[in-house]
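Presented sequentially are two complexes of chain A, the first with chain B as partner and the second with chain C.
And now, the complex of A and B:
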C-alpha cells in the first residue's frame, strides 16, 4: 500500500508574512507527547487494514485457525485466495471479475452525468440572471434533506411500471408486452439515473459556490464581444471550473463505487449489473467463515478507491473543504 | 485473462452511454445557441437548468411526497390506514429507535472530538502528511469493505482455541480469560459497530477542522499569547470560538451520514442481536417483508430526523450570504 502521499493543500494558503516566526514557534511547541499520541492513533487506525491485507495472502488453513499476527512468526504466502476469488472456484459460479467491471461501468457514467448536468445548472443559477435564482439555489440545497431511502420505492416503481398522472404518461411503462419484465431490468440505466438524481443537489451546491466566485468582468467582457451563454459556458466557465469539477468527480466516483443501498435496490445481485459491493456483501453473508476469501475479495474491492484516493488526495480534500469550511 | 475479456463489453456500454449523452448535449447546445436577442436568456435557462430540475423533481421531490402518502397506506399500498404504521413503529420498534438515537449522538460526537484532538496535535507538527493520509484513508473504503476489515477484529473463537480475532487476542493478552463473542454481546455490540463509523469519519473531521484551525489569523493567536493565554485557555477562548461554525458543520454532516447508516449494520449483523437501526429496518420492511407501508413510514421518520439538521445548515448559509 502506498504511503508516499502528496502534501495536503489547505485552502487558502497560509499567510506569507510571519511564516518564519510561526514556523519556529510551531517547532518549539511540537512536544514529544503530541508526536507519541499521533503515532499511536495512526498505528491503531492502520492496523485493521493491515490485518486484512495479510490475511488475504495467507493459506486457507492458517487464515481460519490462527490470527494474522502469527504470520510474522510463521510467514507463508499464497496467491490461491485471489485465484479462487477471481475465478469463482468452488464458491461462486462467476468469481468477482464481472462485478468488478460492473462497478466501473456504473461509477464512471454515474460520476460524469451529474457533473455535466450540475455544472450547467450551477452556471444558470450563478450567471444567467432571472427572478427567483436564489430560491432555486436554496431549494436545491435543501433537497439534501430527502434521504435516499425515501426515494427508493417510488423510483423502483417508476422504472418497473412507469408513472402517469391520470392518463398522461410521465415516464413510460417499459414492460415488454405480455411479460412482467421491464426493458430496463438487467441494464445499468436505472443505476445511472438514480445515482445522477441523488448526486445533483450536492453537486449543484458545490459547483455554484465555485462558479459564483469567478470574476464578473470576465463574463461581461465576453458578453460585450458578443458571446452568448452557451459559448461563455463552454469556453470560459468550464475550463476555469476544472478544479471544482475534478474534486466533485473524485468524490462522486468514490461514493458510487462504495455504495451498497442503491446498488442492491436497483441491480439485484446478478453478475450482469450488480457492483462489487453487492458481491462482497453476499460473500460475507454466505462465506463469512472463509476469512481467506472474504479478505481477498475485500482487498480487490478497496484497492481501486485507495489508488484513486492516494493519487488524487489533494483534489478530494479540496472538495471536502469546499463543502464544509465556511467563512 | 478470460475474465478481463468478458469485462470489456461492459466498459464499452458505459463508454457508449457517455458518448450518446455528450452528443445529445452538443446538439441541444447547438440549437440553443441559435436563439438570439430577447430569447437568448430563456433558451439558456431551459437548456442549462431544465434537465437538473426535471431530474431532482422526478428523483427526489415527487418520491418524497409519494413516500409520505404511502406511509398512510397498508402493507400492499392499497387501503388507507391513517397513522397505524407510525403507531406500529412507536409501539413495537422502540429498540430500533433507541439504537438510532444512540448512533446519532455517540458516533458524530466521538468522531468530531477525536478529529479535533488530532487536528490540534497535528497543527503543531512539521511532518504531518503521512499520519494525516493514513488516518484519512478509511474514508475511501466502502462500509462493506470496512465491515470485512472489522469482522477480522471482532472474530470470535472458543477461548481454549487459538484466537483469530485481534480484539479477543489483545484482551486475552491483557489477562481476560474468556472474552465475549463481541458481535452477540448485547448491548455493547452497538458500540462496537459505532467504532467502525468513527474509524471512517475521524479522518473527515480531522482534515476539515485542521484547515479551519490553519485559517485562524496568526495575529489573533499572537495577540492572545501576548496577553498570556496558553494551553487550555488559548484553546477554549480563542481556538474553539474561531472554528465554531466549522465544528458544527462537521458534526451535522456526520450526523446526517449516521442517520442514514445502513451498510455497516446490514453487513455486520443484518440488524440481529439488538443492533437494528431505522435505515436498515426500512430496507428490511420494504424489500424483505414486503410491507411497504412500514417501510415508507420508517423512511419518513428518517426524513423528520434530517430536517432540523438541514434547516440549521441553510440558516447558517443564509447568514453567511448576508455577510458577503
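And now, the complex of A and C:
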C-alpha cells in the first residue's frame, strides 16, 4: 500500500440510480426557462453592486444629490474618491492601508488556527476509538446553536479582567500595572482567539463528516504498515481532506474579513488593530454625508474576497459537497 | 523512512509554531513598548511636583500655555467618541500642539456604534480613558452602573469659570460632577433667506409678537411663512419635540422645564396643554404651514433634511431648526452661502417674556467623561475644558463651544457658529439641554416622536397625545 502519492482521491463507485437523478436534474436545469430565470435573478442581485460601483466613481456632490441611475444621463467620472480613501486625504490621517493590513493580520491566522485545531479534533473523533467520542461530537455539534453574541461580553471580561473559578485562576488578569488597560488591548490576540473559538464547532463538524467517510481500508492498511495516528493523519487524512479544508478555509477567511461586530468589540477602531470593516463603518461620517467615500472604500475591501473566491472556487464547489454522496 | 517522515512532520509543526510566535511578537511589539513607557510615566508622576517644577523651568518655546499639563511625557490617553471623520481630523489637529508639548499621546477612536459599544466595553473591563457622551441620560445610566470617575479639580475649575451654570448640572449625577461639556449646538434658531427678506422688505423679528406679525404679513403676501419636515427614518418626529421644547422654556422658564424633564410635571397637565395650543397656532396652523410642500399633514412625510429647500425658492418664509442645519443649504442649491447677506441665515427665536426666562436657549452637546483617574487622563480632561483647546478647535471651523473663555472673534466673522456662540456663551441667559435627550429613551426617543407625529399627521387630539406620552414613561 503506497501512501506516497495521495494526489488521487479514492471515492466510492457512483451508483446507477444516483447517476440517473443527476442527469435528469441537469436536463431540467439547462432548459431555456431555467436559464432565463437564472439570468433574471443574477441581474437583480447584481444591480445594487453596480449602483455601488457607479457611485464610487461619481463626484461627491452628484453622489449626494442624485441617484446613481442618473449617471447615465449625466456621466461624470472621478477617481478622487478612491484617492481620498487610499491616502486619507482630508478625511482621515492614515487612509485605508493600515486597516487593510490589519484585516490580513486578523483573517489569515483566524482562518489557520481553527483549521489546525479542528482537523486534528475531527480526525480524533472520527478515527481514534475512545469512549464517549460520539458524545463529544454531539456536544460540539450542539455548541453551534449558541449565538456568538452571547459570548462577546464574558469573553471580553476574560481578556481584560482575567477569569477564575473560586480562587483557581483559569485565565490570568493581564492588566498593565497602574492602568485599566489589559496587555491584550490593542493587539490582534483577542481577535484571533475569539474567531478561532467561534469557528471551531462548525469546523469540527464539517471536517469530521468528511473524514469519517474516508475508506476504512486505507487506515487499516496504513496501520498494518506500522503507521501511528499522527502519520496517518498527516499522510493520508490531511491530503484526502483538502477539498473540505480548503472550502472551510475560504469560508472562515471571508467571514472574518467581513466581520465587524467581533472586531469592534475586541479590537476597537484604532488604526493599529482595527480591520477594514471598522474603517468603512466610520467613513460615512457623522452626518451620513460621505456616500461617495463609503462606496469607494467598499470596493477596495471587496477586492480580496473576490480574489480569494475566484482563485479557490473549484475547492469551494467541491467542498460544498463535503459529506454528501459524490458521483 | 517513517522516522524521516516523522521528523519532517515535526519540522512542519515547528515551523508553524514559529510563524505563530513571530506574528504574535509582531503585533504585541507596540503594546509592550507602550507599557514600558507607561511604567516610566507612573514613576515620573510619583514625583510629580518636582517634575512639574523642573518642567516649567524649561518649557519649550510656544508651549507656555501647556506648562500646567507637563509631567506625563510618554503617557497615552484613549478617547472613544461617536464623532467620525472628517470631524475626527479637526479634533486631532486641534490638540496636536498639546500632544507635542506635553508628550501625551491622544489615541482617538470613533464608532458609529458608540452608544452600544461604550457600555459593552465598560462591562468587559475595556473602558476607554475618556469618552465624549452626547446624552446626559446615558451618562447618568453609566454612573449608576459604575465606571465614570468624578471630574478632577482642573476640570471643575474650568467649568465653573467658563460655562453657563446649567451646563455643569448636565454633567452632574447625584450631586457629583463627572463630565465637562465639549462641543455645543444651538437649537433656538429660525432659518430664513436674507435675500428674500431684503426683496420683500421684511425685517428680522426680535420679539415674539414681531415674529407673528411677520408671519401674518407673509400670509397677506401669499406665502406660507413656515415650513418643516418631521421625517427622519427611525427618528421621525424629532424636530417637533424641539418645537415643543422651545415653547415650554419660553412660556414657563427653566425651573418648570426641569420639572417637565424629570416628569414631576406630567405631559397631561394644563402647562403642557397650553404649550401645545401655542404650537398648534404655529406649526399646525393651516394658514402658516407647510410652505412649499402643501398642508399641515405633509410635515410628517417631508424629510427634515429637505424641509429648508422652499426657503431658497421664496415659497416658504422660515424654518425652525438647529445650528447644524447650516450644512444642508449647499445640498438645495449649489454654492448657496450661509451668512447675514447670503442665501440662508438664522435668527434667534425670540423670547416670549424676559421676566419668565431671559434669553431662553435650547441646545445640545457632548460631555467629556473619564473612566480612569491617572494623572495624564486628568490633564487631557482639564485641557479639553480649557478655553485654549476650545479656541484652537473653533478656529478650524464648523464647531461651537459654549465655553465663554473663547473670544467671539475666534469664529469666522458673521458665521452661524459665531452667532450660536454668542447665545450659548451668555452666562446670564436661560440655557437648557434638549429635553428629549434628557428624558428616558422610551419617551424622548420613542413615544414623544411617534405621538407628536400623529398629532400633526393624523390630527390626533392633544389630550390623547399627552396621555399616551405619559403612559410611555417607564415606572421607576
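The rule is simple: the second predicted complex is superposed on the first by the 272 of 327 C-alpha atoms of A that agree within 3 Å, B and C clash if a C-alpha of one lies under 4 Å from a C-alpha of the other, contacts with A are read in each partner's own complex, and residues count from 1 in each chain.
Keep this in mind: a contact is a pair of C-beta atoms (placed from the backbone, for glycine too) under 8 Å apart; a residue touches a chain by one contact, two chains touch by 3 or more.
Keep in mind the model is a prediction, meaning the values are calculated, not measured.
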* To do: State whether A:246 touches chain B only (first), chain C only (second), both chains, or neither.
  => neither
* **Touched partner set for A:305, first chain B, second chain C, both or neither** => first
* First, second, both or neither for A:161, with chain B first and chain C second -> second
* To do: Count the residues of chain A touched by chain B and by chain C, then name the partner with the higher count.
  => B
* Asked: Can A:130 be said to touch chain B (first), chain C (second), both, or neither?
  -> first
* To do: With the two complexes superposed on chain A, say which partner A:230 touches: chain B (first), chain C (second), both, or neither.
  => both
* To do: May I ask you to decide whether A:109 touches chain B, chain C, both, or neither, giving the answer as first, second, both or neither?
  => both
* Touched partner set for A:31, first chain B, second chain C, both or neither -> first
* Considering only the touch criterion stated at the top, classify A:98 as touching first (chain B), second (chain C), both, or neither. => first
* To do: Pick one for A:238: touches chain B only (first), chain C only (second), both, or neither.
  => neither
* Contacts on chain A seen with chain B and repeated with chain C across the two complexes -> 64-65, 105, 109, 116, 152-153, 188, 230-231, 234, 265, 281, 284-285
* Complex contacts: residues of chain A adjacent to chain C -> 61, 64-65, 90-93, 105, 109, 116, 152-153, 156-157, 159-161, 176-183, 185-189, 226-227, 230-231, 234-235, 264-265, 268-270, 272-273, 278, 281-287, 289-290
* **In the complex, chain B residues that touch chain A** => 3-4, 6-8, 10-11, 13-14, 17-18, 21-22, 25, 29, 32-33, 36, 40-41, 44-45, 47-49, 51-53, 55-56, 58-64, 66-67, 70, 114, 117-118, 121-126, 128-145, 147-153, 155, 161-166, 169, 199, 202, 204, 207-208, 210-212, 214-215, 217-218, 245-246, 249-250, 253, 256, 259-260, 262-263, 266-267, 270, 279, 282-283, 286-287, 292, 295-296, 298-300, 302-303, 306-307, 310, 314, 316-318, 320
* To do: Provide the residue numbers of chain C that touch chain A in the complex, in ascending order.
  => 2, 5-6, 9, 16, 20, 23-24, 27-28, 30-32, 34-35, 38-39, 42, 78, 80, 82-89, 92, 107-113, 117, 120-121, 123-127, 129, 324, 327, 331, 334, 371-372, 374
